[in-house]
Amino acid sequence: MIGVGVIGYGYWGPNLVRNFYETPGAQVIAVSDLRPDRLKLVKDRYPTVNVTNSHQALIEDPKVEAVVIATPVATHFELALAALQAGKHVLVEKPLASSAQQVLRLIDAAEKARRTIMVEHTFVYTSAVRKIRELVDDGTVGDLYYFDSTRVNLGLFQYDVNVLWDLAVHDLSILEYVASQKPVAVSATGLAHVPGRSENVAFLTLFFDGPLIAHVHVNWLSPLKVRRTLVGGSKKMIVYDDMEQSEKIKVYDKGITLKESANRENVYDVMVGYRMGDMWAPNLDVTEALKVEAAHFVKCLANGEKPITDAEAGLRVVEILEAASESLRRRGEPIALRPNGGR
Amino acid sequence: MIGVGVIGYGYWGPNLVRNFYETPGAQVIAVSDLRPDRLKLVKDRYPTVNVTNSHQALIEDPKVEAVVIATPVATHFELALAALQAGKHVLVEKPLASSAQQVLRLIDAAEKARRTIMVEHTFVYTSAVRKIRELVDDGTVGDLYYFDSTRVNLGLFQYDVNVLWDLAVHDLSILEYVASQKPVAVSATGLAHVPGRSENVAFLTLFFDGPLIAHVHVNWLSPLKVRRTLVGGSKKMIVYDDMEQSEKIKVYDKGITLKESANRENVYDVMVGYRMGDMWAPNLDVTEALKVEAAHFVKCLANGEKPITDAEAGLRVVEILEAASESLRRRGEPIALRPNGGR
Amino acid sequence: MIGVGVIGYGYWGPNLVRNFYETPGAQVIAVSDLRPDRLKLVKDRYPTVNVTNSHQALIEDPKVEAVVIATPVATHFELALAALQAGKHVLVEKPLASSAQQVLRLIDAAEKARRTIMVEHTFVYTSAVRKIRELVDDGTVGDLYYFDSTRVNLGLFQYDVNVLWDLAVHDLSILEYVASQKPVAVSATGLAHVPGRSENVAFLTLFFDGPLIAHVHVNWLSPLKVRRTLVGGSKKMIVYDDMEQSEKIKVYDKGITLKESANRENVYDVMVGYRMGDMWAPNLDVTEALKVEAAHFVKCLANGEKPITDAEAGLRVVEILEAASESLRRRGEPIALRPNGGR
Amino acid sequence: MIGVGVIGYGYWGPNLVRNFYETPGAQVIAVSDLRPDRLKLVKDRYPTVNVTNSHQALIEDPKVEAVVIATPVATHFELALAALQAGKHVLVEKPLASSAQQVLRLIDAAEKARRTIMVEHTFVYTSAVRKIRELVDDGTVGDLYYFDSTRVNLGLFQYDVNVLWDLAVHDLSILEYVASQKPVAVSATGLAHVPGRSENVAFLTLFFDGPLIAHVHVNWLSPLKVRRTLVGGSKKMIVYDDMEQSEKIKVYDKGITLKESANRENVYDVMVGYRMGDMWAPNLDVTEALKVEAAHFVKCLANGEKPITDAEAGLRVVEILEAASESLRRRGEPIALRPNGGR
């Protein structure tokens, strides 16, 4: 039985507490938050869980073996570092930290403490994203041509991060998991519409060595809520629409067929034909992603396994976000990404 | 009665011939095409129309007063120039020419010949786009915040142009008409998936002086057909979905409200609130855009009026396409646009 | 503060307990259920609430002033009667009872005990249905022409009732509330596909004096989940789609216009024209219906007011269900409804 | 080469003329219509086709071997009879005639004249409906449980027929083709909202011997256009949505599973489980239905084959429409159908 402490009971914290509360092998020991009314809520719902306004007290609680961090991004690094240094495992809400530099220091601290860090790339634990990965891995999709994701709605303007760090982080974590390829450069554009706040609309392109291009489109100021990812491959194309109540994933047997033309002198003379085949929507498991994720975390701690969304995965995403924010300030100028470090 | 000659009876030509055939004040005199089977088709449908495989003969026909050009983009400049120099008015399929330089020469030729050039920015003549312009012009939408357009489908890979010149040209012509603002720079990214062909997927951001940002997203390799433009303003937000059979335009009374916080010392302390109001879908006229366009062209020639989509409009779009193609080659590096020349 | 006891903690009971728990003026005293595991669930979530496997004990508890019944339909009558006879107010899940005869006896018992009965016609407490009623009442819709409701999905086959009593009851309660007209006859058809079970697909038509016709279409065996009601009027037509996440109600300014023809000798010669106007989707409050309903129940008890969904409303719905089941057995033969008793 | 004459150039006639004009093996000889402006339209489009305002002249034209009838329903019988008696083959727009009695007389006349009658049940010639039949015939769907079709829109109020004869005829012709079962009784309800006109909204249930039930729902006064048919079977369920631009047919591997309970004494004790599997949308040929139909007609005449939609199919549909209209007048009272005569 692993004792779990959760720091932060704001928007996402309640989901984490609820899921760890119901995860076999875990026991929620304590929850900390700075706001008394939030702590009262915890106490009403879970009378057996301790509450405290001191994250330090929670971290130091000897019954807490794993610390779950669900606080604003700017505080992730400091809290995770303190927990690791206190000898605790940590699970950190996305993004893992505010900079690649911070992530590298967390990786270092975890190694020294021989403890596990996992980042909460929640979508990686949905049946939809796992199915896409499966269809890529088993060759169904063929060579990846593009990954094109739109995540827009009328959303909360975050204080401490721009829309890339709030929304695109999801798409990048999905891409990171599905594509198994490391981008070589990023170009991003965007705009802030509220004085003094960061960008609320942004567009991001990732370049790869090879035929893949990725694009992410995020907006806090859209009248429609859209959550749609297209994954185009040489053999199949997938539409993942998370707003659909069923059939979240549709696999299209559509695409182009290339045939070299008879004119052998012209090497470029390729005929482009079309393939219009069936569509197929695999039935998906409906287990809540957080439930799968909490169980995975507990299992990793119990067995000493490396989590799927380990700190390296968190690093790859944060590196892109950092470079993208830089490119965004320069109106799309491409920024090269660290060449090594792929998985 | 204005005598009209149409060069090119491929994909779009038949629509132009049919509409001019039925436009009061116009008479289709001749159609030219290089392919005998296309000319036979014309003759079967319109026995009274002359057909020829020589565009020169068509241009020189004294009964032809206006030449409509519906040929591949690479030929627009030469054909339009010849027609103007022969003293004919011209209507050219989008985009007007292959470069801004060419457009400037056409403008010059038209002035010398005292003839009219109009470019076929068809969407400008739809009731949907006209309604959006009306809602922008009368202040309903408020300050423009973003213009975000997606135009993707499994489409014909063009031989002579990339997907920007084929599809984004539509979005840019809509933006050009609706926003009445001139962009100052462009950043574009994209990729070609067929060896020897130009880019089949592309993303384009336009920067403006002020709070507007525009983004266009085009793809010839999408399993879904999407034709959707979001126009976000400070007062209202519009969703224009051209795939809807009715309610193509939805106007949302949604957005954010800004309130300076009581804390006067902190100038950045702006409270962001949300406004969730009604949605309204204005009833739209269903007249075919080309019919409206043909009548507008005929009326301009008859009255000596300047067309809505004149060569200057064509120039503004071609300038963006040219700069975007340059940016695309440089992986998104921003390219400044000619400062003057707005309307 | 009104003490509330809830009988039944199966599918719907937890929603009732949760809402009464949070309703000001109410206090959940006790929950009863026959299954120990369900009682354990209650105790885990609400440690201060008493649990018992005896509904009798709950009814007799002097701190319980109002009894909420969320048990299978067949038990409604007996439980409600016992509660009323014990001097308690009652709120009964839909449908109120298994027969009109039972409802009449409950009405009688309530009058004798001077206690309130309310039936849980939940949809009546949604902002969508209230908006429709408002648009009917204020004349926006004009004369009602039709009410046409579809409620199908792959649903639980109930043991004790057919699909009319399980699903159509919702549509009838909406119709009852919105239309303020009493039907004069009903024709219903349907079929049972599982041996020994009651009908899982059914269609029901209600006839009125005047231009209104109502139709309800229910199915437990549909691959799609549909929750759509069309309300057609002489002035406007409403589409209420409960599966939409926003814009649940769309009001269409569409319809026909009638004009007597010039030919005065022929009284039947009416010209039918069409009106194609705007569509409008009013913004709706998103408060949970059960929260509104619980507050209404508490307010009625406190002030001695008659509930909107009183036992008379429950009677009108049960009368239709009874007649419809009879018609269904006779393959659609129309069954007349009790003439008086409208509201 | 079969000479074809078309009577009626109103709403549907132009589609018939266009398709027969382009069908190999057929030659459109003449078109008749009472309105000079319609005949002028024919002449403009097809200068080689003769036009006449006399259907008699058309029928008597020796070059006309087959007469296509696209006139109001009330005239079908008389025109078809005249054509058959003149020794011509006939193709009649749906429904074949105004009564079963008339259809029987046409069958008789055709046998005497040794000529072919075909009825234009157009949907039978769509790739969607053919695919459904294929999936029923090859056992994919399993036993048919229900056929549930909705066909509503803001439509033309017909003068001479009610909405059943105008719209439900399509659904009945699809059912007739797909199900290969003959209904034993019909119950229908509906209402007329325009004084002096027939019913503009109607609902129809068909009963069969066995587990199948069919329902058709038609309305000329709906703000939405819906064309949706659900075909539920014991193994698969099909949704056919004709408003979809692609994926018109979706095949769901969803349903119930029945298991007899261990309790052998209770024959009624059947456990109902659920099956939630994949969805599959077969790619469909996009050939226009009328083109397929015209080619089929020509082939039948050339080879002496019996058309798929022969007069017997027309009879089965007209019998249902006749009985349904009778039931509708009696508010849903079930009307038995002729027992024999299935296919």
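Read from first to last, the chains carry the letters A, B, C and D; within each, the first residue is number 1.
Everything below uses one rule, namely that a residue touches a chain if its C-beta (ideal position, glycine included) is under 8 Å from a C-beta of that chain, and two chains touch if they have at least 3 such contacts.
Since the structure is predicted, the reported quantities are computational estimates derived from the model, not experimental observations.
> If I rank A-D and B-D by number of C-beta contact pairs, which comes first?
Of A-D and B-D, more C-beta pairs in contact link A-D.
> Relative to subunit A, which chain's C-alpha centre is the most remote?
That would be chain D.
> If you average the Cα atoms of subunit A and of subunit B to get two centres, how far apart are those centres in Å?
38
> Suppose each chain is reduced to the average of its Cα coordinates; what separation in Å results between subunit A and subunit D?
Comparing mean C-alpha positions, subunit D is 52 Å from subunit A.
> Report the inter-chain centroid distance for subunit B and subunit D in whole angstrom, where each centroid is the mean of the CA atoms.
43
> In subunit C, what residues contact two or more other chains?
276, 279
> What residues on subunit B touch subunit A, complex-wise?
For this pair, the touching residues of subunit B are 145-146, 148, 150, 154, 157, 185, 187, 189-191, 193-197, 201, 203, 205, 207, 211, 213, 215, 217, 219, 221-224, 230, 232, 237, 239, 250, 252, 254-256, 258, 267-270, 272, 274, 276, 279, 327, 330-334.
> Please output the residues of subunit A touching subunit D within their complex, sorted ascending.
247, 253, 276-283
> Which of the residues in subunit A come into contact with subunit C in the complex?
Answer in residue numbers: 45, 47, 225, 243, 245-246.
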